[in-house]
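First chain A sits with chain B, and in the next complex the same chain sits with chain C.
Let's turn to the complex of A and B:
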């Protein structure tokens, strides 16, 4: 089990695209062990739906991290929604950094739905990083 | 100092002349410029030549939002706007959003003098075409010391810096209201869903970061937000840093051309973290 030194379990708001990952329950199965209750899954139509305020507000509501999972480049159902999200979330990370918030709190994973093992590994990596920066 | 005053009265003279000739041609319904009232200025639509004795180019007011609202009020007709470089960039950004129709605006460009540019920590104190005053060209009056101070802090130091400073916020919405580009009809900052209503200081980090994020690809760096803040919160500093990031990573600068498309709306993938 992935845990910080003082058995801190980060709360994560996980936004996933409905086209690569249509079922929130399936996403829950990809989480590291014991993280089911610490992660809230939110299905969105496309990662382009990820406005900055969704992530910012999540921090204000007690989440320690925001993870966005969307389709890999070239696979967006709406052609370029994931590209918008990619640049936007990248800029959001820099912005948070300037404001004194660890950019690692925003995670992005661009996936192929046919490789759940890789998605699982990447979620694990993200949570490990989040453990490293501690509570919000 | 004497020389500066001389320059200012020349500029004002020139501005009044241009406004008078525009009003004579009937090509515009009025000239939007600043009116001097005792010790301050207000935006004013000059519609007759008799009024022009009150027109001034000194003093600062982000006037683009007024132009937007005037055009909105009339279904047709044009106006002239006495615009500094930042005002013109605001108008370009507003046109990008579809908020103003630039074909209805005749821009009369006002170049800032070196004193004004310094006071605003400006880097581009001139419009595309300087009709009033002489452009001093690109300068760098940015407050690098203050920006570096912020950037050189550790992330936890920055967190406490902003937490302390944002706790002064009285949520007067001055930063938002002063900004011509914060012109959404429904503002997230007023919605309970995003920022708790009736709470002072506003919750961290929603209020300030949502504002910052919404302006990421729009801010032209005029610093009207910071000047408007009655609590002395250096909100503009975050905007300037983000503006610089947009330029460094994407080569994008708000206010340049109406045709430019923000990289936050798609385009090439550039991983900001990769380039660090």
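Let's turn to the complex of A and C:
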């Protein structure tokens, strides 16, 4: 392992839907400590914009994980954009597994904007998991 | 609510409030509201709004849109009635509204707000204001596979004759809400959405963050 296990801080590309987390700055407050600089937040209009290609590009840019945060089922501003993303990212996970890449690197969190504590907990869980997976 | 109204429009608001007791009594519409009615060809009941703001309380754009001009369904109707044309046509609200119809459900007067927003969007297009979040098709690489047609919930995409290339997809900017689903399914990268196209994303991941 090139980087020591203790000092490993995973770089995460965080794509969030503008209807459940409107402010990129507010997302920074939901991250665990010391992760503010390791996470790049990208606001998209809807998780329907999320495609496999974007995740692969992020991995190509040196990110260890891709986290997608979208609205709960039935709460999508665009009717069913989150369902499209759910299906597409599930497929991407299976493809990554087939290619020998840990599918856990793609994280999806479906949240309610009124419950930031739960969002924070789930982001923490994801990063914990990514810590276990290790560097790309 | 009355305190927030600008001083120069109080002449109109007196008449507006005076009609509150007689529900659904028509007041004299401003030029812009008449224009909206005429453009839609329907009776949209703009004047029967009495400003209860139930529409604003259920609207996702009003709550999470982070709009600088603070346009909500209620202020949209108000501005339409008093004729603040410029404010409405340049607002980002009309482009972010997805036409979900919650405001219409919540409205005790049955004002057809999604329809009104749609008409204002058309008028805005006619005045030459572009949709800032629309998807754009590169007709030279579109392979008319039709994948985008199946994911577009607003039916903004149609297949049209594109000269020597045969059929190509075309996005109607007045109906596109910028969700980006068509961009994601396009296998040929022929459709790109302006805030987050493929090039923009690479820039982003290289270090910029917090972009709108």
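Couple of notes before you dig in:
As a convention for this text, the second predicted complex is superposed on the first by the 131 of 136 C-alpha atoms of A that agree within 3 Å, B and C clash if a C-alpha of one lies under 4 Å from a C-alpha of the other, contacts with A are read in each partner's own complex, and residues count from 1 in each chain.
Note that in this section contacts are C-beta pairs under 8 Å (C-beta built on N, C-alpha and C of every residue); 3 or more make two chains touch, one makes a residue touch a chain.
Treat the numbers as computed from the prediction; the structure is a model and nothing was measured.
In the superposition on chain A, contact is made by A:80 with both chain B and chain C.
When the two structures are aligned on the shared chain, A:50 is found in touch with chain C, with no touch to chain B.
Once the two complexes are overlaid on the shared chain, A:129 sits clear of chain B and of chain C alike. In the superposed model, A:120 makes contact with neither chain B nor chain C. Once the two complexes are laid over each other on the shared chain, residue contacts for A:99 go to chain B alone; chain C is not touched. Of the two partner chains, chain B is the only one touched by A:91; chain C is not. Across the two superposed structures, the residue set of chain A contacted by chain B and also by chain C is 51, 53, 57, 80, 84, 88. Within the complex, the chain B residues that touch chain A are 150-151, 153, 155-163, 188, 193-194, 203-206, 208-210, 212-214, 216, 238, 241-242, 245-246, 249-250, 263-273. Against chain B, the residues of chain A that register as touching in their complex are 51-53, 56-57, 59-60, 73, 80, 83-84, 86-88, 90-103. Against chain C, the residues of chain A that register as touching in their complex are 13, 18-20, 22-25, 40-46, 48-51, 53-54, 57-58, 61, 63, 77-81, 84, 88, 113.
Those residues of chain C whose C-beta lies close enough to touch chain A in the complex are 60, 64-66, 98, 100, 133, 151, 153, 177-181, 183-185, 193, 195-196, 198, 201-202, 204-207, 209-212.
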